[in-house]
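Look for chain A in each of the two complexes below; its partner is chain B in the first and chain C in the second.
Entry: the complex of A and B
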């Protein structure tokens, strides 16, 4: 990145007494980016967002937005807007007045406000309901009004706290794509907080995975999923088989990890960081493990017994126990209808290529 | 069972409001007499024929003597001013209580209700001790050198306002607290986030959303204050004209029950009107 980052977060820390809500977070966000903060409840993602909005004062560190240090700048004086998890729509105002609230505060005339409100309501397809009160709207409609209200002032930075958390699954999937579309058409930089890893991967240009107030990993969805940098990230994003082992051989083009848990030396098609004999953790995604005939000819092969098959429609998840007692999960896409799949109790061969495993320090 | 529960308030209203109201209405339509009770019956049985005499003279009398109209107006004015002062003092108090930590809110509410543990009459008498010529307040001001001669505080309209505000403050604070504590903090943050300064947030979000509390609290203060008798009798002067004293005088000094009843009936009707208007205003909000 040659130009200065649009949002720069440096050593940001927020403590409540002895509780460390956010601890030494440093992060750069580019202009026009959709950045997702992902983590479980209590990981500090909302506190981080509220510090960007100005509702929380950092204990240490600083936030710079578009070259301006935000220290001591009150929420009402910031070029940021927030979409609240509860939407926080004013119950005594119509949809149009809710959307226009920030515009009136910015000193826009009644006429200009009305024009911008119409534009915003068109954007979120809520124009026909402009005169309704929030309690006359469905959850999905309220979500749209909240988005229109937050976007109306054309903020430099839009902060979204679990924007789709209150919607049901079907509506959520539709809205995810729409949100992404609105983000790219308006060009506003978005920071989205979510606990849903699937949503973060769909929405985010990049994501930051948080745990205990710290950022564990920042990267594109592909980077974070395919190359998790810690055991926590590997387990938090998607499903992963985590195996303990030690480095048995590290050559220039491959490595071998001794893994008594799996009952074999795992062949890895790349060099690994660490000395021979060092303990490591091997991450294996279920969809990268082949079953039965498809496992033939792969460098890593183990025999096991199917314990359980979870049919998921598009794919089936096979829970296989190895002779050592370890359970591996292998997924197979149900591309052909009626194809023979091993059932519970049957013996099965699992196999994976040298590119499948990610080796992490234990 | 559910029906019985719904019936209970109706029964209560019927027994303690409608029935006495009907009795009052009956007396107000009869003629005074020197008898026991001091009025003539409305209906008479004579030779198997019932004759009902409705006497509207008491109401006409109320319109003829300006004393009554002046008393009504003066009562309404004193009650209105007191209600406004109570609102201005009670709102910040309710706001602070509603925004306090949950554990503290209970303590603060307790303090608001604490005066009820002492008799109302005693507390009003205590104000006489504070306000009188050589009372606590005058002595304090003299000692501080702020005044040279005692102020005339007792038996003034000011003292009546003071008494009403003091007595009815909890009735204002409690409904205000109820509506302010329901106010979602996220709404205040949303207003600030959208560029509203604290005062604008208050005017555009907090105040409109606490309107039900303001209306309820104002009614709870205004209505009893209009008919207040004890406070003006103890703290007010001879020129403090309130309908409560007029009513008392008609009943106990003049023993003119019919006119006194007419005074009471007119007061109920006059009070019911603004209540209906306010209720409509509140209903439109919901």
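Entry: the complex of A and C
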């Protein structure tokens, strides 16, 4: 890492009276990266984004974009552009004038503006509707115009606040891939705020999971999903079984976690951080737990009773209650049609390999 | 049942006005006796210098005061809606709308006292007349304008202003390019409302006017005191037409933007 990070956020804090919207966030974002800020509502992700855009003044800390300290720089003087959650298109201007607005402000001639507007509208496939007013467009079309407008000035950094939040599911999935494509073809650094963990995983080169104004974990989607660093992250990203236990044995190549809740010592295929007897939390993803015959021969096996089966099409989620009363969720992909699965009330064996569990400090 | 109630309600409200309009086309000099259809009183009206002068003054006062009222109302609304908490915000909010509920006699009298005191203290306004009526009408017109404009500011998407700033527009450009066009329908409504109110007012104008500046309602009022003439009916009909047109436009503007 010889090159300085493109965006450097240091100890950034924003308080409203006693309310801490963003608390001591430090983060580096590389040039050309698509970074997702993920969190529930009120976690401070939008406030953080607005501080990057200059709409909010940090209480403490600083933002450096491409080597320039942004303290005291007004929004209109920054090389960042934002795509708003509501899209915020100018209702009295046509699509073309909306897209060209920032270019005119940047001092481009009428002729150059028109050329760039055409280019942008081609990029988002909105050229045929250039003369329409925003209220004559569908939600998906408005989203495209907003993106084109935000990209038109060729910002160094594009900030997107829930860019796909207002679209229906189908359109959303298509647009996610398109957004990623546009990002890599333009090479602009994107920071995307979203509350949708699935979207963050699809879009982001890396994600930052936020909670109560702080960043809980930063990493690639794989890192964050497979190696969550806290209980919160494990529960927030995807589905997870969380079991409490204590470290019973920590050897060179494996460990055992005593877990009365599950009724067994969980065998883990790697060493764990922590001393013997220390309380830990074991994270088990449902898709890593095998059922019935597939559980045979696995080092961790428990007997339970199926309480509920939730059929999801591509996979089924089995809610299994253990003798201790703890419920585990196990997922099975519905790869073969008509295979009989254990139904509610039936006894079932669950099993998982030593690589399945992630052990966190409790 | 509802239809009957509505009919009665409308009759109660508009029968007097309708009879006035009908009698303005009366041939007879006697107001209460129908003597056949005629437009002679409209003709007589157009030949009446006093009335034509008063109408001109009324229109000038209405245009000037409505314009001032709209500007002040816009500034007050923006201050209230956009500048968060500042010292005196609560007071401003209350005072802006106070003229709406203040009796006209009180407003008229207080303005008269103010103008007299100011003339003695600073020599302006010198005497009372056109200028003082405009100021007085702008005062209460601004209150109505502020109410109309504030409602619109609340409905504006703040993010569009931020978007303009984000795209490189300084504060003035943001106001001219985004805020003002967004407010335009409300500004038109507010102006028309203030214009109508100014055209209607007789009480406040009577207090603050001076020699040579009689507005149309004042002239009508003094004429009626000498007995109702069919000419006044014709004049009143024209006033109703102008006022209805203005309020109709204002309502249409509001409806169009709500859509």
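What we mean here is this: the second predicted complex is superposed on the first by the 362 of 362 C-alpha atoms of A that agree within 3 Å, B and C clash if a C-alpha of one lies under 4 Å from a C-alpha of the other, contacts with A are read in each partner's own complex, and residues count from 1 in each chain.
Definition applied: contacts are C-beta pairs under 8 Å (C-beta built on N, C-alpha and C of every residue); 3 or more make two chains touch, one makes a residue touch a chain.
Please read all numbers here as calculations on a predicted model, not as lab measurements.
Asks: So if we stack both complexes on chain A, do chain B and chain C clash, or do they fit?
Replies: Aligned on chain A, chain C clashes with chain B.
Asks: Just to be sure I read the superposition right, which of the two partners does A:322 touch: chain B = first, chain C = second, or both, or neither?
Replies: A:322 contacts neither chain B nor chain C.
Asks: Once the structures are superposed on A, label A:76 by its partner contacts, choosing first (chain B), second (chain C), both or neither.
Replies: A:76 sits against chain B and chain C alike.
Asks: Between chain B (first) and chain C (second), which, if any, makes contact with A:88: first, second, both or neither?
Replies: both
Asks: So which bits of chain A does chain B touch that chain C touches too?
Replies: 53, 55, 74-76, 80-82, 84, 86, 88-92, 101-102, 105-106, 149, 153
Asks: Over in the complex, which chain A residues touch chain B? Could you list them?
Replies: 53, 55, 74-78, 80-82, 84, 86, 88-92, 101-102, 105-106, 149, 153
Asks: Could you list, by residue number, the parts of chain B that touch chain A in their complex?
Replies: Per the stated touch rule, the residues are 184, 186-187, 189-197, 200, 204-205, 208-209, 285.
Asks: Which residues, counting only chain C, touch chain A once they are in their complex?
Replies: 157, 159-160, 162-170, 173, 177-178, 181-182
Asks: Name, in rising order, each residue of chain A that touches chain C in their complex.
Replies: Those in contact with chain C are residues 53, 55, 74-76, 80-82, 84-86, 88-92, 101-102, 105-106, 149-150, 153.
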